[in-house]
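Paired with chain B in one complex and with chain C in the other, chain A is shared by the two complexes that follow.
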Partner chain A sequence: MFVFYGDTISLFQVLSLVLYLVLAPFAGGLIAGIDRKVTARMQGRVGPPIVQPFYDVAKLWKKEPVTVRTGAQDFYVLCCLIFMIIAGSFFFFGFNLLMVIFTLTTASIFLVIAGYSSNSPYAQIGAERELLQMMSYEPMVLLTAVGFFMVNSSFNSATILTSPYLSIQYMPGLFIGLVFVLTIKLRKSPFDLSMSHHAHQELVKGLTTEFSGRTLAQLEISHWYENIMLLGFVFLFFTNGSWLMVIVGIVVVIVVYFVEILIDNVCARMKWQFTLKSAWIITLIFGGGNLFVLYYLRGYLWMASQYQ
Partner chain B sequence: MGIVVLLIVLPLVVACILLAVKSDSIRAPIVIGAGIAIAALSIVLAIGNHGGIIHELWQSPGTFKLGGVQIATENAAAGVSVAMTVIGAIMSIAIIVLGIKYKKILAIVLAIIQEAAILWFELSKGYAIEAANTAAKNYLYLDNFSLIMILIIGIIGSGICIYALGYMKDFQRHAAGEKDRRPWFFFLLFLFLAAMVGIVVSNNLIWMFFFWEITTLCSFLLIGFTRTPEAVNNSFRAVILNLIGGCAFVAAIIMMGMHPAIHNFELSNLLDIGTQIKAAGQGGDPVFDTIIGLLAFAGLTKAAQMPFQSWLLGAMVAPTPVSALLHSSTMVKAGVFLIIKLAPCLGISGLFAIGPGFMVIIVGGATFLFASFSALSQSNAKRVLAYSTIANLGLIVACAGVGTAEAVWCAIMLVIFHAVTKSLLFLCVGTAEHRIGSRDIEDMDGLFGRMPRLALFMIVGVSGMFLAPFGMLISKWAAMQAFVDSGVLWALLAVIFGSAVTLFYWTKWLGKLTAIVANRTSIETGVNRTEMAITGLFTAFTLIVAITFPFFSGGMIVPYLGVTFSSVAENVFVALQSSDMIVMMCLVVLVIVLVLLLYGSNRKRVMPLYMAGLNEGDDLTYVGSMQKDVPVTLRNWYFEDLFPEKLMNRIGVIVTSAVLVLVFSYYIYAATALGQYLLSGGAGGGAA
Partner chain C sequence: MAAITKSPWIIHYDGSSCNGCDIEVLACLTPMYDVERFGIINTGNPKHADILLITGAVNAQNIPVVRQIYDQMPSPKIVVAIGVCAANGGVFKECYNIAGGVDRVIPVDVYVHGCAARPESIIDGVVKGLGVLAEKQAALASGETDPDVSGAYLFDPVSYAEKGDIENGDAEGAKDRSEAEEEAAK
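Our next item is the complex of A and B:
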């Protein structure tokens, strides 16, 4: 234990940060591989081996370095990777969830700017669509953080992790809303507007059209880091300090990801208007509604904690 | 005290000198020298005083020395008051005369109502009340919040005046053949600065009202500076809306004189009573609430909150330095200053309690949301900036309305960050407009290739407005935390949805700036040196403030809150943990280091862009069907169908007007129900 500007920091926090930094790319890559495998099976194909994403990144790394114009886009993608890792580190270290979300936003903005800076028609339209997706999911993610605060009296993920309250019990609406916008965040169909893993993309590769070689590899790695952190968010709903709930949490995370893959494969892409409207309506009804209920509950929770 | 008075007198004197100076070569050194002197004085003042205590500056009874002569402050104050009454009447007559000239009945009527009311009150009651009040009087004061405002006015405001030198030179060239009215222009700019300092140090509300009226008049004349029909119309819209606020201000002053428990016109006294009422947990005095409500109303009009937002949008017709001044360091900041000052009397006691706090939070929250929505469909850079100003002021106002110490912390932080960043953006747009001949964001496509330095400044400004780890975002984050803590959930929802939209409209602008377009040559040479220097300086300020804000917080804001909210424990003053602030600081440094180290070091082979057909090789055209060359143009996305500007404005105006009508009709109802009380109170106040 040591103290950093008034915050007490435990060894556990440091350990989980180190584990995230080292293991997240492997876990993220594996999830991407499983994703492709499951998707292939759903479509009646054999699919690539599970470690295929690692092969892909390794191959991208060895490609001849080429770029467009001044290569500004490569700088922005690198910044995106760095800020994505920082955002994830904040989360696993136990910092303020709002800070995590804002840093994540900055990382995503770097990606959008990378798309714009190439001045390629496809990349720029992809970048604008990515922005639209961000505008769609951002309110729900922030409301989720507020919900965690109301239940656990703290925005810090470390405190939420060890708090005795089981968040899902008080935040079912926020959970549904978050899973909904997770589909947008993971760029799964029907919301894969800005770039798509599927072959039916009308924007070529959208935002990533002009990226190649190491730049594309860096972007892939940043997705791995990002996905692990997003699943961490889902996991946080199921913590109350007991080991049993850790297992439940992991199971739910797996189920949620499977559902995302399923949605990805059974839905055709919808128009952007649907993305924005549906996300905001769900956010208002499930997120806002849940928060208003919580606001009244909060008084009771606080009283309950006084009698413990 | 000496420096404070000097900070009012010096700009005033400089303004008068500039009115007489016709030649640019004489004007430039005066403006630059005065600007530096004002900035230096405000810094000296800030270094000398930062205890966070209300310094009793010009207290009466007492004496001071002027040129070796002992003068009783009471006499001096009475003299100043009379002078203010006379000058105030002259200003009203000026508005009336201009109103007659341009046939603006409403402006004439409002100016007459306001002036008649204040004259009647001053002559029949006001002076008598002042004279009868034998308790110690503080006409002027200085606390840490005023100091912060003085720093903003003194540094940002004078910077803009210096920038205006170069800008107005170009402006005059563009308007060749017309009369050179620059002496008048610079006179108004410096007068504005003097009046702003006056507002933030006046403890006597009648004095504050005088300075308040000067800013109204100055903005009126500056907006109408070009004298085109559009400018004249917009300037009258500004003066009409601000006169409505002025009338509310006068009504508040009159009610203060009538109220038996107040007896005088001192802001500090008003705040003490409000704090006592709050501490006692009653809040059942509708007359007191009405006074606070009227003052807050005056603040809302000046801060261009909905339903009064239209005057600030109209103010764009003025030369850009005026917009920069109105949006960042003066005028609108006077409005939020007054509301933040009133914060201890605001706040919400219950979920549905209809008080001034309720009114201010809803108006601020709704303004933030709908002004952000309106900005989405704008491609005119100045319009985007205007809507963003209105929205951010809404956030500041909502924070002040919440009225807790941590919410006020956010409000003051937002004031600082917004002043620095918004002034930078206006100066950038102004310079770009003169070089590329357009203020449309679409025309700034690939500005990085054409004006690399200016584009860099603009990128810093735009990022500073919405992106972590820069200041505005940190304050917004703190505001969210404050809203959650005080349970104002619908304000929280407004901030969250508004911020999502904010993200969109700033990033698409940023995208246009950063796009690297082929075949662009630099046209940056020829920009005035002073223009570039001031813009660069403000860019540095934006970054420096983002790095040093924990020191502003600890050194200036927390002591201020300690005095203002003396009953609250100190650890809840700041919405953010200090560890979070330190981390954010480090991230700013990281961004700067990353850019310096890695940007532009490209050793890769450059390939042509992917296009629908064969790229011609210049990245600007491709071979389309039938072997035709098709040029590529890229345009941004404006959502006119989902977020139409007119509709968004209308909804905002309807919501906020409904709240204002609701709250004030409640007051009238409550006041009538307590008519007897008011009547006896009126008699008691008059007799005292």
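Our next item is the complex of A and C:
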């Protein structure tokens, strides 16, 4: 443990940061591969090998660059990747959750700008839909951070990780809401409006239509980093400093991801109106309701402590 | 083995085919044949694709479209012509508007025969094409210039039509056409 600008930094924080930077692309790629395999099995197919996403990225990396607006578009996608890595680094280093969320938003905005910077109408409509998706999930993600603060009295993920309070006990509504918007974040049906993993949607490949070769590979890697961080968010609900809950947390993360794949396979894509409305209603009822209860619970506990 | 042979993404274009071969191409994606086993994805987007599957004999209106799709694909790339029509025009060979095979318009690497081509032979053709794809990638990596541009295959539908007119003994028609074009140019 050492002190850096007034903050104490543990070796554990540094270790988890390094592990995230090195292992997240591998873990994220493997999860994407398992995702495709499970999806194929659900559809009665054999499916690609689990390491298929790595083959894809390795192939894309060697393809000829054919960007029309080379300077702008490639730069924005690279920025998306860099900010995604930074956001994840903040999270795994134990920094402020609000900082993590805002950096994540910056990364997403760079992706939207990259879509807008191409002249393709498919990419532009994809970028508009991506903005609508961000509008849909962003309030819920922010409320989750507020919930973590109300339970653990800190926005820092390191503090939340080691605090004795089991967050899921106090914020089940926020958990449900977060899992709901996770469907949007992981680009699963019924909310894969801006781009789809599946062939032949009405927007060709939506936001990514104009990305190719190395640029597309960078975007894919940024998704891997992003997914690991989002699953980290889910995991954070189940920590109270004990090892038992670490195991429980990992199991819940696996279950949540499986449910997302299942939803992806049983749902058709909905319109953006449904996405926005349903996400905000869920946010209001589960997120807002949960915070409301927490607010009074905290007040009650504080009052009780005053009368002792 | 090169990664490109493990992750060949496909775009499929119907160059005035009768739809017989198209349905067989789509059949390859179904659980029965499941080409995603080989990492093959039907992208529908030329900028993501490595392999262009073309069915049909390509008519005069398709020609710029086929070239456009082909040129938008990043190298290395291959073209698989599916069915007899795509190979040489098939039963449509003599039609006035038919180019008579995909290789009249863009370079073709693999021909898949059949009318309609069976899904097994389409998969076989694509897998044969993977070898070509790997060779092309190795050639590009060693600094060779990219041979895959449609400009090398300049097929002009107007001059083809003129040629057709002359071959059919309609020299007047060809003359009228060229005069009309000069008028339009003015």
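Assume the second predicted complex is superposed on the first by the 295 of 308 C-alpha atoms of A that agree within 3 Å, B and C clash if a C-alpha of one lies under 4 Å from a C-alpha of the other, contacts with A are read in each partner's own complex, and residues count from 1 in each chain.
The rule is simple: a contact is a pair of C-beta atoms (placed from the backbone, for glycine too) under 8 Å apart; a residue touches a chain by one contact, two chains touch by 3 or more.
As the structure is a prediction and not an experimental result, all values here were calculated from the model.
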After superposition on the shared chain, which partner residues are touched by A:210: those of chain B (first), chain C (second), both, or neither? both
Quick one: classify A:58 as touching chain B (first), chain C (second), both or neither. second
Once chain A of both complexes is superposed, is A:288 in touch with chain B (first), chain C (second), both, or neither? first
In the superposed arrangement, does A:48 touch chain B (first), chain C (second), both or neither? second
Looking at the overlay, does A:128 come into contact with chain B only (first), chain C only (second), both, or neither? first
Check the residue A:155 against both partner chains and state whether it touches chain B (first), chain C (second), both, or neither. first
Report for A:99: first if it touches chain B alone, second if chain C alone, otherwise both or neither. first
Output check: A:142 vs chain B and chain C. Expected answer is one of first, second, both, neither. What do you get? first
Which partner reaches more residues of chain A (counting touched residues only), chain B or chain C: B
Just checking: does A:66 make contact with chain B only, chain C only, both, or neither of them? Give me first, second, both or neither. both
Do any residues of chain A touch both chain B and chain C, and if so, which are they? 64-66, 204, 209-210
Quick check on the complex: what are the chain A residues that touch chain B? 4-7, 64-72, 74-76, 78-79, 82, 86, 90, 95-96, 98-99, 102-103, 105-106, 109, 112-113, 115-122, 124, 127-128, 131-132, 134-136, 138-139, 142-143, 146, 149-150, 155, 204, 209-210, 273, 276, 280, 284, 288, 291-292, 295, 298
Which bits of chain C are touching chain A when the two form their complex? 2-4, 6-7, 29, 31, 34, 36-39, 41-45, 47-48, 50, 72, 74-76, 137, 140-141, 146
Contact set on chain B toward chain A in their complex: 446, 467-469, 473, 477, 480-481, 484, 487, 489, 492-493, 496-497, 499-501, 503-504, 507-508, 510-512, 514-518, 577-580, 582-584, 587, 590-591, 594, 598-600, 602-612, 619, 632, 634, 636-637, 642
Contacts from chain A onto chain C in the complex sit at residues 36, 40, 43-49, 52, 55-56, 58-59, 62-66, 199-200, 204-205, 208-213, 216
